[in-house]
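Think of it as A, B, C and D in the order they're written, each chain with its own count starting at 1.
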Amino acid sequence: MSRNIRVEESKATPVSERRIELVERKGIGHPDTLCDGIAESVMRALSQEYLDRFGGILHHNTDESQLVAGRSDPQFGGGNVVQPIYILIVGRATKEFEGESIPADSIAVETAREYIRDSLENINTESEVIVDCRMGEGSTDLKDVFEPESGSAPNANDTSFGIGYAPFSPTEQVVHETERAIYNDLRHDLPAVGEDVKVMGKREDDTLDLTVAVATVAQHVDDLDAYISVMDDVEEYVRGVADDHFEGEVNVAVNAADDRDAGSVYLTETGTSAEMGDDGSVGRGNRANGLITPAREMSLEAASGKNPFNHIGKLYNLLASELSNNVYQEVDGVEEASVKLLSQIGSPIDEPQVAAINVQTEDGVSVEEVEYDVESVVDDGLENVTSITQRIINGELGTF
Amino acid sequence: MSRNIRVEESKATPVSERRIELVERKGIGHPDTLCDGIAESVMRALSQEYLDRFGGILHHNTDESQLVAGRSDPQFGGGNVVQPIYILIVGRATKEFEGESIPADSIAVETAREYIRDSLENINTESEVIVDCRMGEGSTDLKDVFEPESGSAPNANDTSFGIGYAPFSPTEQVVHETERAIYNDLRHDLPAVGEDVKVMGKREDDTLDLTVAVATVAQHVDDLDAYISVMDDVEEYVRGVADDHFEGEVNVAVNAADDRDAGSVYLTETGTSAEMGDDGSVGRGNRANGLITPAREMSLEAASGKNPFNHIGKLYNLLASELSNNVYQEVDGVEEASVKLLSQIGSPIDEPQVAAINVQTEDGVSVEEVEYDVESVVDDGLENVTSITQRIINGELGTF
Amino acid sequence: MSRNIRVEESKATPVSERRIELVERKGIGHPDTLCDGIAESVMRALSQEYLDRFGGILHHNTDESQLVAGRSDPQFGGGNVVQPIYILIVGRATKEFEGESIPADSIAVETAREYIRDSLENINTESEVIVDCRMGEGSTDLKDVFEPESGSAPNANDTSFGIGYAPFSPTEQVVHETERAIYNDLRHDLPAVGEDVKVMGKREDDTLDLTVAVATVAQHVDDLDAYISVMDDVEEYVRGVADDHFEGEVNVAVNAADDRDAGSVYLTETGTSAEMGDDGSVGRGNRANGLITPAREMSLEAASGKNPFNHIGKLYNLLASELSNNVYQEVDGVEEASVKLLSQIGSPIDEPQVAAINVQTEDGVSVEEVEYDVESVVDDGLENVTSITQRIINGELGTF
Amino acid sequence: MSRNIRVEESKATPVSERRIELVERKGIGHPDTLCDGIAESVMRALSQEYLDRFGGILHHNTDESQLVAGRSDPQFGGGNVVQPIYILIVGRATKEFEGESIPADSIAVETAREYIRDSLENINTESEVIVDCRMGEGSTDLKDVFEPESGSAPNANDTSFGIGYAPFSPTEQVVHETERAIYNDLRHDLPAVGEDVKVMGKREDDTLDLTVAVATVAQHVDDLDAYISVMDDVEEYVRGVADDHFEGEVNVAVNAADDRDAGSVYLTETGTSAEMGDDGSVGRGNRANGLITPAREMSLEAASGKNPFNHIGKLYNLLASELSNNVYQEVDGVEEASVKLLSQIGSPIDEPQVAAINVQTEDGVSVEEVEYDVESVVDDGLENVTSITQRIINGELGTF
């Protein structure tokens, strides 16, 4: 067996030292992220169903949900979703195996509806969303059933690759943390704040411009004054988050497209722009590490919804992120690490064609000094690659 | 104003005296009846919304729901709905009026989902049904808003007619009552009995053959023996109902298409055949009086889902049924009455082109003797025609 | 073998002698009739495909097409269909048999598109109509394959009945012939005349009111004057047709709902109201004899799209119509005949439970005198019942 | 006015000199590319319609088409598409402007159908594809109508960016040219070759592994021998293309996933894997320059279907590609150029926040020496930015 691990010194200018850096994160309630979340939750539910029934995972990929925006008439204090959001679940699943039928479509619909309800506090899934399903039928040969407990790695389904890096630059930290904090924390204190939050960070030298778009929830915003007050609260909160992670100057703009004089502000009934005009689909938003980072090497792969046991585009992206983190955190002297994994179609996924690690070391530390430790970390990670499957199913590893 | 009421003696042989009589009723859980029920409940919800917002009813017709059967794998003790039932709500509604938007599509979806949940005790609307909506946009002129409180009758939307009669023949009573009793009563004692019940009565002279199809609910039927026991209970129950209304010989067959030896019995997960292979649509089932009676004059009009204020095909069918009942019950000497109402497009609905009443009188009573009373009853009914609208919206007048 | 044929004298007042008679026909381009036509043509195409592949017909029923109206902006001289008509094909078909897959869905979509193109001269099927398909999968046991050449009658799929009568009353003739002549003849001389023609005939004593609604084709109507000229031509033409078949007074109203002063006339782009606001579905229009005749006994069965070999609701309605015609035309002394056929589920379709024939004889001819001949005609018809299947597939027997 | 142009020296190792390089191109018939093509052609048709009607372009974005794979049963010599491919057009368009209705949905459906027919020589669009449409309604203010002839640049709709570079590395050239040559050339000589071609190039040092997947067309492949012969022809052809552009060793593998012994080869009826199991959506395939190049900075933006006049994610990606090409071709001494454009929401699109150009110069040429020329080229390009709109509509600038 060969892991084909290669450790090299990184020569590129670190992202944080370049003059311009652009980073974006689409929040949980953004239409694209909603699709990612639905795709991933349906995949998890199907995997679990297969495991419960057959002790192994059968062929499926549910990475093609399409969201068609609704139409709404938001009003201060509460208006209406006039036409429901329409979500079409696409993909394929094994619907029959060993003479037993598996209710894949029913599971998909139920899971998607539950995911939406859990993700959007203010949506009424009975009236404001339609979940439709046109999932094709895949088939699984007996020999292709993946049994996590067997411990043996399945073969790669494709020649593809995954990319990861660690740590986040300060700009990346701010952008990521801003959305996370608003969703997990601020939203609970300020019910007017919805789940569709989009954060764009542009750093130019030492100045960070943070543009934050926050869908507000109409029933919790009585009038324009209340709206302005919410905007002020959000701005202050975001500034606090940014100051924790970024040392330079920070400019924060919240809902910059508003035209308050014209009464045109970012008001929604449900907390997401999907209710009015913003369509979404899987793989158009955040990469597996939660960010959109054009200046970094990125995979175009839509990880969400892909099967969790042999889909390289998914597994290697998640694994590469994790390995970079492990290298960065566990190997002394490493300041930055990026990992690129390239599969060989038909070969076991724990034996990549190449596992290339680029490291940036602290001043005074040579790559040769850390090489052995880095290899060990990566080797361990590859050895335990099948554990990723279970952690994906458990929801411990995110794809957006 | 002219009611154009004409009372005549009925010359046809009464249905109950003909050699052969065929009567059918599709129960609440039958796919066609489900569509009728959805269409009617959506219409009621929209009418109420219009009334609440504008004090009047705006243009709408929601009489075209289509149900596409799902796919299931029923098993004794409980199996699965593999592919959800798909329901497409079609029709049109006024979605904007006087600058205000009306969430007609959201209301339609919510109402349909609620109706299904209320009608089918064992269905899981989160996973086993998809409610989609492609409802067109109608427009309403200010002058066409129907204000029930104004008391003035709107003009007929069409040249059409409605038909009714009273009383039910004994065969009709049995067929109607059998389904009603199973749904309202037996079902609660026997949880294995679903809502999709179809009753066909064929009377030949004095012998009534009752063919009853009852969808059983898999989770409440442990095995074939339990199933057979349920069948026996249903048969006995139905026989009891029949004996209350029919004096001749009664033969009862329950789920006659079962092949018990082959293990092929009428088992469902949800209580309706819509889960597996039986599509449905509006207007293909019961007429407004709850029965299918080919030997009687019948309107083909799909009453369910039609607007409740000027749709002649709906109003005149309901009104004709009610007027026949009133004549039969209130006028001494009348043994049978049938009413046919013909509208004049553009004329007030309380001024039909013709209101023709055929009566069968008791021996010794002439039509002339009852004519005045019959006319009075019909005249009163026409005078109060607009009250029908409100009673339809309240759900007091059924269309299936 | 027993045909259970019973010949009786008809006692009811002939329809043409009653004071009021209502008859309606929805033309080829009416949304409901379009659905009937699609359903029937898809059924024929599938039957033929099964025959070509397997020498027998497999299980299918395609009787649930739903048409959702589009939205148009008709303008004199030509406007636009803004939103296409949406047609959903529903039903079930055998998609796999003896290891071979049958492209049932593809055939259904292609056939429906072709049918629409053939039926509506002015529609652009590339842009103005969407044909979607959610047809379920049925299964066919080897023993259930119907082989027309075997000559043996299949068993009835249900306890159901069919009804027919002959001849048409004069009013019925006028209504039927009016639409047929406009579609087959006038339309070719007057390109402004579309295919969506609805004819309602109300006879009161000797006076026939014919209300005709004709969708005009915008690109062939330059302005209001041209429209009025077309209306005049249609009226004159209809009057001519009526005069050929009806002896009393005839009043003709064409497009009576127009408000010419307000410029509101019945103009369409495609020749059908389906382009704007009028939905349609199978079985809501004409009965199998091409008419809606509430005063006659009618089956509610949607014959269109039902399988052509053992679906009683279809076969017996077609057969009953044909047998009535045969009796009327072949048996001297018969002035009117109606036939009612009642099947016995599981028994061969050529052995009905009852074949009841009611005849009206000429003055001076008794029922007894014609009884033997009538029985012979009906017996022959039942003997050749399987020939109906082939004629349905060939399109020789219509269902609407 | 300020263009904010900055020219810098590129410090990163050129892609072609790195050890590993991965490049991919999905051909015209790949499901994702089909969606891109549909999205873009619908956008072009709508833009043209708006121009023809109003002399300006109205608000629209049609960048969300979803393709749901069909099901097929390919057989040597010709089999069947059992279930049609389903394509849902999503997005929004202005459907009414200045009181005139625009048939946006009809145009979208027609254009998509035409695009599919033009792109896939062997598909039967009557039976093998369903094009559905759920496009929302956008609105356009009079002031937002973009009139290309006015010459004035519209304002950016977002703070976003575009990236481009030139020239292609040899690996990129090979990958791009391989698909282009197969589609434009080989396919016409070898009718067995379909349009769904996927090319993956992995260069490791001087060795290029080309993995090519080619959907073959069943009706033009009589048997396995014929298939193998086609594979040999394709391999030889691809090798020829590669040798024209790449100097090192080239390994070519065609349809490597085939299992010829098991009779499992890449056979299709239509020339695309969309007929069986492979879904697709917009923005998941090639970037605007026709390649997927994870080692290059890439935008995640789905350019296809976005409006052509103020959508930064589209315009700046196309413009950045073009500017890099211009710089590379027009400025002596430049060996490589990459351009990054960052917009300022609300500012004219010809005044970016930053236009950053990185150049690699020939040995002996300093960046300072070329700076002025580079700036001129970029300045000219920005000055003529609005010409891009017209060229997009004309189809001169591709997005995939």
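The working rule: contacts are C-beta pairs under 8 Å (C-beta built on N, C-alpha and C of every residue); 3 or more make two chains touch, one makes a residue touch a chain.
Everything quoted here is computed from the prediction, not taken from an experiment.
Chains that touch both subunit A and subunit B: there are none. In this assembly, the chain whose C-alpha centre lies farthest from subunit C is A.
Averaged Cα coordinates give subunit A a centre that lies 56 Å from the centre of subunit C.
Centre-to-centre separation between subunit B and subunit C, using Cα means, comes to 25 Å. Averaged C-alpha coordinates give centres for subunit C and subunit D that are 50 Å from one another.
Residues of subunit C in contact with two or more other chains: 86.
Every pair of chains that touch is listed here: A-B, A-D, B-C, C-D. Within the complex formed with subunit A, the residues of subunit B that make contact are 73, 80-84, 86, 95, 101-107, 109-110, 113-114, 124, 126-128, 130-133. Subunit B makes touch with subunit C in their complex at residues 11-13, 19-20, 22, 64, 66, 68-69, 71, 86, 88, 90-92, 134, 136-138, 159, 161, 163, 200, 202, 204, 211, 256-257, 277, 279-284, 292, 294-295, 297-300, 302, 340, 342, 345, 354, 356.
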